[in-house]
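Heads up, the next two complexes both have subunit A, just with different partners, subunit B and then subunit C.
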Partner chain A sequence: MGLLSLFVFSPIVGLVLISLLSNNSSPKIVQRYALIGGFIPLIVSWIVYFIYQRNNRLAENFSWFSYETDSRTLVIDYELELNGFRLALLLLTTLIVTLSILASVKDIKKNPKLFYQWLFILELGMLGVFASDNMFLFFFFFELTLIPMFFLIGKWGHVEREETAYKYLIYNGLGSAVLLIAIVAVFIQAGNANFEAVKDYMSTMDDQAYQIGVIVAFLVAFGVKLPIVPLHSWMVNVHVYAPPAVVMIHAGVLLKIGAYGLLQFGAGMFPETFPLLAVTLAVLGLINLLYGAFLALIQDDLRKVFAYASVSHMGIILLGIAGMNTAGYQGAIFQTISHGLISALLFYLVGVLINRTSTTNLEKLGGLWTTAPVLSGFFLAAALAGLGLPGMSGFVSEFMAFLGVFENLPVFGAIGIIGIILTAVYFLRAILNISFGKRKGKALDKMTDLRNLELLPAGVLLAFIILIGVYPDSLGQLLQITLETFVAGMGG
Partner chain B sequence: MISFAWLIPLFPLLSFLVLILSGKKLKTVSGYLASLLTGISFIFTLGVIADLRSVTEYEATWTWLTIGTTDIQAGVWLNPLNGLMLFIVSFVSLLVHIYSLGYMGENDRRATYFAYLGLFTFAMLGLVMSPNLIQFYMFWELVGLGSFLLIGFYLYKESAKRAARKAFIMTRIGDAGLLVGLILIFWQTGSLSFTEIFQAVEQNEFAPGMVTLTAILLFIGAVGKSGQFPLHTWLPDAMEGPTPVSALIHAATMVAAGVYLVAAAYPLFLASEWALMIVAVIGAFTAIFAATIGLVQDDLKRVLAYSTVSQLGYMMLALGAGGYVAGMFHLTTHAFFKALLFLAAGSVILALRKQNIKEIAGEGRHLAITKWGFLAGTLAISGFPLLSGSFSKEAIFAALLEDGQYGLLGVALLTAFLTSVYMFRLYFMVFHGKGADKPPKSVPVSMKIPVIILAALAVISGFFATGFADWLAAEQEYAVLHHSPTWLIFLATLLSLGGIVFAYFIYVRKQMDREEWKTTFSSTYTILYHKYFIDEFYQNTIIYSTRAISYLMYYTERYVVETIAAFAAGMVKEIGKTGSRLQNGRVQTYGTVALLGLAVIVLIFVVRGGYF
Partner chain C sequence: MDLETLLSFKWSIMAPEFTILITGVIVSLQDLFYGNKRLSSWLSILGVLLAIAFLSTQYQHESVSILYDTYIFDEVTFFFKIILLTGTLLILLMTSPSWDEETERVRGDFHYLLLAALLGGMIVVSSGDVITLYAGLELLSISSYIMVGIRKYNRNANEGAMKYIITGSLASAVTLFGLSYIYGLTGTTNLFDISREMSAIDTQLEPLAILGFVITFVGLTFKISTVPFHMWTPDVYQGASTPVAAFLSVVSKAAGFILIARMLIIAFTAEPGLEQGTVYEYGVGLIAVLAALTMIVGNTVALRQRNMKRLFAYSSIAHAGYLLIPLAALTSFSLETIWFYLLAYMLMNIGAFAVLHVLIQNHANEDMSIFSGLYHRSPVLTVMMTIFLASLAGIPGTAGFIGKFNIFLGALSADPARYVLAGIMVATTVISYVYYFNILVQMYSRPAEKHANLQVPAITWVTVGFCTLGTVLFGIFPNLPLQFFNW
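After this line comes the complex of A and B, so read on.
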């Protein structure tokens, strides 16, 4: 087993650790072991990072199975391979899972053992998704993320948790059915499931209609995950009713599979045909951006505001991809990472808030600064990051995405710019509402501020957000080669 | 010294970081620490300016972001214009820091206040040294953040919260224009660096019409930041912030950044007659429009705010008419006398605890230094002969005459008259009259010193006009100072003095009954008092239609999207029901199993059959 496999399966250590605990160990003990379990993939991911930085290549494969038909051999290998984009997502995953375990400390009281078991299986799935270099392996891990998430929502969520879990499963199940069909359709043609091999095959193939058909199928499949309006309603529910610690992973990492998939399966496998969808993607991006923003404007619940903000921010990813140039792709990738960090921060803070006030209703909250200045400071910082303030990661991402889309589709870019104004409006409305003004709500009177260990997740996330914002090349350098391969194959 | 220029913004940044991270621990020393660090910045600035006399231009950059084959830089760029701005910003910021020692002396959250001041100063210094448009834009947004935080500093007040939000959003509308402008420039020139953009302009590399379009888009950004019509409404509301903040941000520096943007990108504007024309017309309109509103407002700070809007209009007008030196010179003198007026007004507000000029009714006369300081500022802004404002305004009139803009010159002259009237109305109502006799609360020394220094500058800085022009001309050939013919100087002086006399007869001698005016011209008065109902207009058009769209989407979400969702759920449920007779209510689990099963079946089928 190579280093990459060890990395991908490293959450099993945590899983085993937790399973060894007796069923009636106190939640505190369970959480402590879960944290140890969470740190293992985190540490390994940074080791992988440094090794990758030195060698610029990290891959492993062995034959899994192949099948002879009348005319040719169909091959499915077990293949893992890193590139900068994948590595960035892997680092994001291990970071956010660890922080989510920290965040869950006060949130998860019911059967914590089971909770963390599911969490580690989920992490395993996510790491596999981002490390696979092969469509079937990707699909296997993709499916593996579905089930734990279903239970995490349904069992530990709030109010409408069961409906939400069910809705989640239906949307994602249908999405993965479409994905599987598309993967199979590609596999049958190419005879290989490896991304690179498929790409090479597709560049010699002339059937454009077929390619567009497959790309559209991928667009639908990953459109559920991203999500693309109107396939988004499950994700709003998850944002609102899943426990905040789980939403950190959901918004921070799982939605990113949609963006990653779109780039890897679309731009990565069909570099010549994919640009034909530029206008479609731009239209969808604009719809996401504006639809989400307008809806975020009138929500009366903080979690709903952030949910629609996510919808809106995903529009920027689509717009960036629609640019079909280096700037646009780079913007989309930056936005993927950046939104992961920002939404994890936002929902970490939401978790802290719910813990103390039991509500996120905007009308019931106000004047948070009086009793919790540090928490409201973090809320403000997170909102500023969300609205794309320069010096934070969101700005760099938006800037590059818009730069990209303006080269070929300036009209779409110009309309999209309205989105950045609306973003400021809804974020400020929500945040100023809870933190400024006179104190509202009894829970706020004896509320404690963020302190000690609670500061850690918020501080770490904010530090990464600012690092990328102030020195974007820290992330950018990692992505150069990936971007070149995406763009290089483009015809004219 | 000049190679250490990059350190200049870092001292205030350090002040911000230390104070924001230390919480309340450094409360008592926060003001002194912040002032000290800003002072160091100021000393470095002086050193850099001394070097600039011989070097004239200096650039140092580092790669900030790589996009494909393009490297976007960050760094410092110094030339006479930037040096001038550097001086104004660090100087006024230092004075405001010192003044705040007294003004905010008892505030419990003063560590936060000084932290925000540091953040703002850092951003403003970074802005004026930007070598390219993207760095400029980033700091441009960050000064907006500083402004937002300080407007909302009294965060328990609903009005402060609203004003802060309004300021951020209104300026962001302008910023969107700036962002689009710079992106378009990037695709035209392949660069965002000022020098490379100017080269591209010179060599006609822009597509037809793009020079005008991009210049106008940049100007939209300037309109937002500098409170020009129609994006001016946030600036008067910004007076919710502490008064020293109004002096620094909303009078001397940040609001002048829009003017600075036009000046910094001047070659681009010069290449398009249309763009220049728009700058001039918007500037002239804003100047007179805001002046008329200033005539009837009753809040001390709001009158000053409208006067700032109006004076910024003057600067835009000058730049639009080719008066590069005139515009920048007025920016400089205005920074001194308007900061002075705000700081003096702050002393009045602190001492009297009121800021409605009708309630003050002359009570300010007990504050001697404040009174003389305010008078110096009022005379300067009114264009009283030999004071700084008269020189810079005269330069603007001369530029307009030179450019042949007779109509705009008329507007400018009329505005000069109105300026005298409303400023002396303010002065007389605050410092003349028979208000309470008891001596009000005294003003601490730390607040008097900045007023005295600025008063001196407001009086004498006009005499440096020629040296000022030479300084700017070292680098830019379009930096020419125009001189007015005698008749124009005479006319301008007459209008200025006429305004003062007019105000004197109304507000001191009470020759005319003010209440009677209100009834005779009641509709005019109502319109002016309500600021031409612009806020109400925005409320009823833009804000309502935005909400309407939101609700349209809300119902779409509720009825269309949710119906699709319900349909999908129902469908899957039906399949689940028919598929599994053994179901015991745990549909979800079966659903999962079913889908996974489907996946496996399809896979096996595919591999076996080889076809689909």
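After this line comes the complex of A and C, so read on.
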């Protein structure tokens, strides 16, 4: 067992810790242990970060199993390997999971023990997804996130929680079904499941129709997760009905698997063929961007506004990828991380708000500023980050993504700019609505502001958002090598 | 046949079969004279353990053929017998403590029937001749009919047994009819001779050969409960006691699959890698269609079931559909795939049935609600059941996932690649998520009907624990069984 495996499986410590507690322990005690359990992967992830910074390489490899056919051997090994992109996502995961445990303190009253058990299994799955260096292992962990997420939505969610959980299950199940077909189809051709090995094999293969077919399958599979517009309806439900602490993870990390998968499986394995899909991706990205933005404009529920904002922001990732150049990819990756932080912050605040007012309906909220200035201040800051205010992470990502698109597909870039304007409109509309105006409802009158420990998650997330905004290189220098490998293989 | 030839056979290779036979006789005599059911149970467990011990000495033994090629021993028979014996052992362990009133009221007991059925299955596995194959099949079938009907005070059991025996004998007759064509064409009952004759068959006679194959195959599909001969399954499972249902869905089905695989691979010269027989080429279309229909019907009808035994009946139909795919897409690792899947299926299904057995006895009810609130009543059992269900649904980390992955890999790497079948398989797998997850929701999210902690007999933990261990171990280290298979 190397360091990476220890890291990936470190949530098991929390799982065991929680399982050892008696069934009657009070929620407080359970939460305390869950927090300890959450800090372990967080600490390990930063140790991994510093070691990676020193060595610039961290990998693990064991032979796992293989199949003998008539003429050759199909090999599946247990391979973990880090690169900058993966490391950034891993750090994001451990951070958001820990903050989500903090956020869940007031949210999860029913059966907290089970909640944290599922949460740690989910974390294990997510860490595995981002650390694995082969398709099979990726899929292995990818599917592992399915059951815990199903329960986290279905048992602890709001109103339509079970319908949402089944919807989540079916959509994502079908997505992984397509993914599995594509992975096996590639695996049989290449004889190895390793990303690098597949890439080498594909560069020598001429059958372009086959490659495009596989890439389209990957696009559909990760399009469910990202989500790409016609496949998005499950994700809006999850945003609205899952408990906010879970949505932090869902919007902050799980959706990012879609972006990561698209880059790793598309650009990472088919560097020569992938650019052929630039226009398709750009069209899909535009649709996502504009469709999400327009719908976010007319929602009367804060959670729905943020849900469609996520759809819209995913469009920017697609546009960035469609640029098919360093700037575009870098923008897409920055947007991935940045949106993870921003949406986690937004839903953390939504959780705090629900706790106090038990509603997120825009018509029932107003004048938050008068009783809870700090909370509404954070809301405003998060919204400004989301709409891409310079000095915050959203701006850097959008800027680079559009830089990439304008270089290759200026028309799409020009149309996309409309989306940016709309983003400002819907974010400000929603936030101004709840913050200012006449104070509404009794709950708001005696509402308490963010205090003590509650400030911590919001503060930490905002700090990272600003750090990336002011000093983009803090993230950028991690990504350099990854970007070079993505772009290097492209012909011309 | 004089004494000398008789003694010249290497009888020791049949030691597992003899052990089962002798145990069966002892258990039936014991039942006749003492009628101690507990003793029967322990004797049977001991007998099967002994048979497993004998079998394990034959690991990596060279291929042997005795009794004029009617009994063969090769690696395939060895590996599939492991499944039959282990499966029966687990089922015996699961039944042993369960002496409810109903079993007490019934005279005679099912232990020697179970052993007889097991013996039938083992003979099916080892047969090199159509006659012994059929004899083994009938031994398996007739014992199963009685086992289903043994709860004679239960209406469902009577109905199930009646349906089972009528459709079952019809299927046997059909099989025999089909075999008669094959005999007529080749003039031999030996599988290897049939294979040789079939490969050199006159093109004019080919339609007849195809007809013979189709009729035989259709008759045999009854045992593995594939569409259209699946109708009996839910009724019979519902009528049979839970262990018997487990036996039918695992051991009896495994024997059926081996039978079909043997007929297909030996008799119709569909030797993987070699040139495939014409009959196989025609037959394979039929198998593919049946596989697709079985997966679709099994998985969609299961969605509507509330009775747990009926749900697992449809689930077992669906799994039979998955298992037909390696036969429709023969590659050099088809047998390995079938074997691994049956192994995984044995572990996860018997585990699930064992949990089901405990709950059905606790509630005297078979509705899905018996699972409600199980997490609060017995967390450990719930986690184990979750693992079985995850495995049945094909979630990674479990043997069921690796099993499905193997089938999938085989389907896509076969020549021609079976994209449609593979597509149907993953799509129906997603459908199956819904009904397996329904049970999970019951266990974790619904309030319990009974609040007392669930009492689980100690020996049931052995079965459930063994199955959990196997399911997880083979799911994470699939190389263990796969290397074991390629000795």
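Observations on the structure shown:
What we mean here is this: the second predicted complex is superposed on the first by the 492 of 492 C-alpha atoms of A that agree within 3 Å, B and C clash if a C-alpha of one lies under 4 Å from a C-alpha of the other, contacts with A are read in each partner's own complex, and residues count from 1 in each chain.
Simple rule for what comes next: a contact is a pair of C-beta atoms (placed from the backbone, for glycine too) under 8 Å apart; a residue touches a chain by one contact, two chains touch by 3 or more.
Keep in mind that what you see is a predicted model, and the values were worked out from it rather than measured.
In the superposition on chain A, contact of A:67 is made with both subunit B and subunit C.
By the touch criterion defined above, A:13 reaches neither subunit B nor subunit C.
Greater residue coverage of subunit A by touch, when subunit B is weighed against subunit C, goes to B.
By the touch criterion defined above, A:177 lies against subunit B and subunit C together after alignment on the C-alpha atoms of chain A. Applying the stated contact rule after C-alpha superposition, one finds that A:188 touches each of subunit B and subunit C. Once the two complexes are overlaid on the shared chain, A:169 sits against subunit B and subunit C alike. When the shared chain is aligned, subunit B and subunit C each come close enough to touch A:154. Of the two partner chains placed by the overlay, only subunit C lies in contact with A:144; subunit B stays clear of it.
When both complexes are overlaid on chain A, the residue A:212 reaches neither subunit B nor subunit C. In the superposed pair of complexes, A:390 makes contact with subunit B only, with no contact to subunit C.
In the three-chain superposition model, subunit A touches both subunit B and subunit C at residues 67, 69-70, 74, 139, 143, 146-147, 150, 154, 162, 166, 169-170, 173-174, 177, 180-181, 184-185, 187-188. The part of subunit A that touches subunit B in the complex is made up of residues 67, 69-70, 74, 136, 139, 143, 146-147, 150, 154, 162, 165-167, 169-171, 173-174, 176-177, 180-181, 184-185, 187-188, 229-230, 232-234, 291, 294-295, 297-298, 325-327, 330, 367, 369-370, 374, 384, 389-391, 395-396, 399-400, 402-403, 406-407, 410, 413-414, 417-418, 420-422, 424-425, 428-429, 432, 435-438, 471-473, 476-477, 480, 483, 487.
Interface of subunit C with subunit A (complex): residues 273, 331-333, 375-376, 379, 386, 390, 395-397, 401, 405-406, 408-409, 412-413, 419, 422-423, 426-427, 429-430, 433-434, 437, 440-441, 444-445, 477-479, 482, 486. Here subunit A touches subunit C in the complex through residues 23, 64-70, 74, 114, 139-141, 143-144, 146-147, 150-151, 154-155, 162, 166, 169-170, 173-174, 177-178, 180-181, 184-185, 187-188, going by the rule given at the top. Taken in their complex, subunit B has these residues touching subunit A: 23, 63-68, 134, 137-139, 141-142, 145, 152, 155-158, 160-161, 164-165, 168-169, 172-173, 176, 179-180, 183-184, 186-187, 546-547, 549-551, 553-554, 557, 560-562, 564-565, 568-569, 572, 587-588, 591-592, 595-596, 598-599, 602-603, 606-607, 610-612.
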